[in-house]
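For reference, the structures are reproduced in the following blocks.
Okay, so chain A shows up in both of these, paired with chain B first and chain C after.
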Partner chain A sequence: MHKLDFFTQKRLSFGLFVVVLIVLTYATIIFTEYNVAKGFTAIPKAVRWATANFYPDAASLKKLPTILLKLRDTILMSVASATVASFCAFFVAILGSQTTRINVWFSVLARGIATIFRNIDVSAWALILLFSFGQSSFTGYFALFFVTFGFMVRVLIETIDEVSTDSVEALRATGAGYFTIIAQSVIPSCLPQLVSWVLFMIETNIRSATLVGILTGTGIGYSFDIYYKSLNYHAASLVILVIVLSVFAIEAISNRIRRAVL
Partner chain B sequence: MPLLHIAQLSKRYGTDKYALDGIEFTVDTGEFVAIIGPSGAGKSTLLRCINHMIPMTSGDVFFNDTSTKALPAHTLRTHRTQIGMIFQHYNLVNRLSVIENVLHGRLGYKSTAAGVMGWYSTAEKQQAVEILQSLGLSDHMYKRCDQLSGGQKQRVGIARALIQNPKLLLCDEPIASLDPSAAKIIMDTLKDINQRLGITIIVNLHQVDVAMRYAQRIIGINSGKIVCDATPHDLTPTIIHQVYGSEAGELILDFGEQHAQA
Partner chain C sequence: MQSTTKIILRPWNAATLILRTTIISLIVITGYAFTTFNTRGVDFWAGVDMLGSNFQALLLSPQLKNITFVTMVHNLFITIGLGFLTTIFGAAIALGFALLAAQNLAPRWLTVIIKGLTAFIRAVPTVLWVLIFAVSAGLGSVAAVLGMTFHSAGYLIKAYAESFEEIDHGTIEALKASGANWWQIVFQAVLPSSATALLSWTFLRFEINFSTAIAMGAAAGAGGIGYDMFMASGYYLNLHEMGAFTYAVLAFAIVLEAGATRYKASLSK
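After this line comes the complex of A and B, so read on.
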């Protein structure tokens, strides 16, 4: 009897979940006046337009050197923001981690800061920072910096607690001092994950930098914006192609580095 | 000569019930003491109060006739250098080599600069090599610790404790994660260290038969209180059942054989 109740209850709660999901979907469709049939039939039309217009032609290839120059700016900005932010994040993460924190209040503060920086989206940061720095590389750099910083503090806190709690205890028991423990136990234990996450953030930042560039008027995002708005779809598609290829290349490189480090 | 005197030691986590409640005993230089008791009895807490990895609530720990109740940070580090600690999960920095992990035992003696940079003297390196040879690990000296078996890792843990030149070894469940043959090697090693080097050993154990075979003295703890303090010879099944708070016949005990040997 008791067992039966348990399974009936589980089935009921799952059924309820499905009903809620359907009602929610239907309500939003009505509310936004979205026509499902029209939405799907538009896809072939979009594909036809893209194949007719959205491809690089000979004229647009002449713009390749300019585009690559902008791409270089974007990649450098992404790498710089990812590495510097991760470096700063490591110190805050040490204060935030249970294993290495100096006291509880620092830990709460560090986690709080990380949450704020992480949960404001990169495009929101870019818009906020536009007020301070205007349309310059600084805006994009700091927007990426803040988001990377927030994310890295969070993952590094988890990494430190997961990887080094035991060895930190052992070194504390030998009488080693705080900074010695960080240097001899925490850093060597976390290094592979640290490198891996920095590479991940570089990849993520290159993707975000494109979007941020549209807002801040810098880098490859800006090139895309200009070509697109001046109806030069061939050049705009070339920009997209260059971005995709560079993301693939960066990912391939970072996978190699990861394997070497682990 | 008493090396260690525990005086009315109590420990309370927050407002929970006492993990340790008025523990009092004395350990002489050269003794091999086993502490037995059910999980959660306070065995680990007791060991960690001796080297102040966990702050005590009340009472005192006298080491070499000196109170360690309110040690300033620097003196606390000196206190810890004299006490080696061995852990159930070995607590090594797995990504570092065996010899680096052994040398970590010297970090308690180092200044912050020397510790952070990992500067070890030739004499220290020489000693590390000798200890590894004596523990049969000379072939694995430059291997990474994550390539070792559990028994080998525990021997690295012992080497790290020995290079501290400790007066006392605290062993927290050193064989709980090991297979019987590796467990025997570890216990034989500890016995050898005790007899050959005259280092006092306190070891937490789950296996009553192992405690009876190796220790000169067995302290039984239940709910933070000492239930018995006897030589293996005086330990009767009745006392052991008291320690574990169980009825006769509820424990896996190989008792007749033990007494026949004794």
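After this line comes the complex of A and C, so read on.
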């Protein structure tokens, strides 16, 4: 058989990839009953509506202190959940990583639990935890805690294996005990990475906390929800502005810290 | 007495100082955060106590009550479909704009404008974009798809542009020297050499969009299994049913994660 030249083959396989994607997309549009025409017409409508109504006005500025108070709650909750969850995850990761594990089965168990925790979405966690903690801050705190914990166990296991394998081996060769190895080698060498990941999770958690707040009635998400449902769009847009500014500020701070530490 | 010279193992410098300050600040903020929690009359220890039995009901005896198994699977696929659709739309938009946002392909003023705009789009949580679109489009799949597409595009523009910027500068220069125009550079050098990076980012975004689609079903009326979860939690108060939905979502999410891990492993070979 005549063999196609390299470029024709490449072009054909790329073409096939595009065709498969288009067919899949079309099938999904039919299956989800997504209205493409309505989708397109909604964009200019949304822009027109937003420019006419969706900006903070003088009356909404009076609500700024209340909004800032709610923002404080959300930021504090994000920091607290990220910090405590990372602390717990670090110990589990030490027991679960290949370099420092005590026992293979424990390692498998640690990874398994972490997989379950991070793969249940934060909104699903919030809905589950509503059964135990009702509409209190604990619901949001634990929802963020579980997801952060699952994520951190995974990345910290990778970090420990990456950063401290050599130094652990060296210390082991000198006859150092398990806890000495952890305290003198694993913790110091992983700390910068750990802090960097905590900062990343704080950024993520602030966004998730807004969503959780809508579901559980707490924090900045709840403020938005109230103004949105009472059609007070000026105040709702102010909430968004406040969220954007705080996300920018926290990203700037954590980038600074990261650059200094790593 | 023997005099010992202490060997300084970890000298104090700016990095350790900032590291310690950060850790101490995080601990202090965390401690303060716990004093501000709004308990709304919920007893923390009673809640923790209940958590055990609730997990038992959730994970050990999942049972559907208000919808059938077939409906649940159908709704799971609606959620997967929303995640897929918004990823494809977002990727298509991002591919075009990322070329204009990459510093080695576009003028500096243009990259600054596009990167600034995408930073703003990403800073607003997806659920708020969906709710903004819902005012004019109504709550439902249209608003959800638009809002999620918007956020995905913002995310992917940044990721794609960074992938483009990482490619070898020499390749572009060589093509330029041989008289290739901008389109030829994009199609012959930039896209082929960053294809695997683009695919990885797109797949990662699909994972995110699947989770987001669950959340939009719960918080923004987008339907799918997220809405079923919302009803089981807020309306029927049925933990057993919630358990069945949790397993369904978990199954697909773990399949996705395993796929991503395999793909990564095959790349690094």
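Simple rule for what comes next: the second predicted complex is superposed on the first by the 238 of 262 C-alpha atoms of A that agree within 3 Å, B and C clash if a C-alpha of one lies under 4 Å from a C-alpha of the other, contacts with A are read in each partner's own complex, and residues count from 1 in each chain.
By our rule, a contact is a pair of C-beta atoms (placed from the backbone, for glycine too) under 8 Å apart; a residue touches a chain by one contact, two chains touch by 3 or more.
Being a predicted model, the structure only gives us computed values, none of them experimental.
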item: Residues of chain A touched, compared between chain B and chain C (which is higher); value: C
item: Contacts of A:Gln9 with chain B and chain C, given as first, second, both or neither; value: neither
item: Partner chain in contact with A:Phe133 - chain B first, chain C second, else both or neither; value: second
item: Contacts of A:Glu169 with chain B and chain C, given as first, second, both or neither; value: first
item: Partner chain in contact with A:Ser185 - chain B first, chain C second, else both or neither; value: first
item: Partner chain(s) touched by A:Thr66 [first = chain B, second = chain C, both, neither]; value: neither
item: Touched partner set for A:Gly177, first chain B, second chain C, both or neither; value: first
item: Chain C-contacting residues of chain A that also contact chain B; value: 188, 191-192
item: Complex interface listing, chain A residues touching chain B; value: 164, 166-167, 169-177, 179-185, 188-189, 191-192
item: Chain B - residues contacting chain A, complex; value: 51, 53, 76-81, 83-85, 87, 89-96, 104-110, 112, 115-118, 157, 160, 164, 170
item: Touching residues on chain C, where the partner in the complex is chain A; value: 10, 14-15, 18-19, 22-23, 26-27, 29-30, 32-34, 36-42, 44, 47-48, 50-51, 54, 58, 77-78, 81-82, 84-85, 88, 119-120, 123-128, 131-133, 135-137, 141-143, 145-146, 211, 214-215, 218-219, 226, 229-230, 232-234, 237, 239, 242, 245-246, 249-250, 253-254, 257
item: Of chain A, residues touching chain C in the complex; value: 21, 24-25, 28-29, 31-35, 38-39, 42-43, 45-46, 48-50, 54, 72-73, 76-77, 79-80, 83-84, 115-116, 119-124, 127-138, 141, 188, 191-192, 195, 198-199, 207-208, 210-211, 214-215, 218, 221, 224, 228, 233, 240, 243-244, 247-248, 257, 260-261
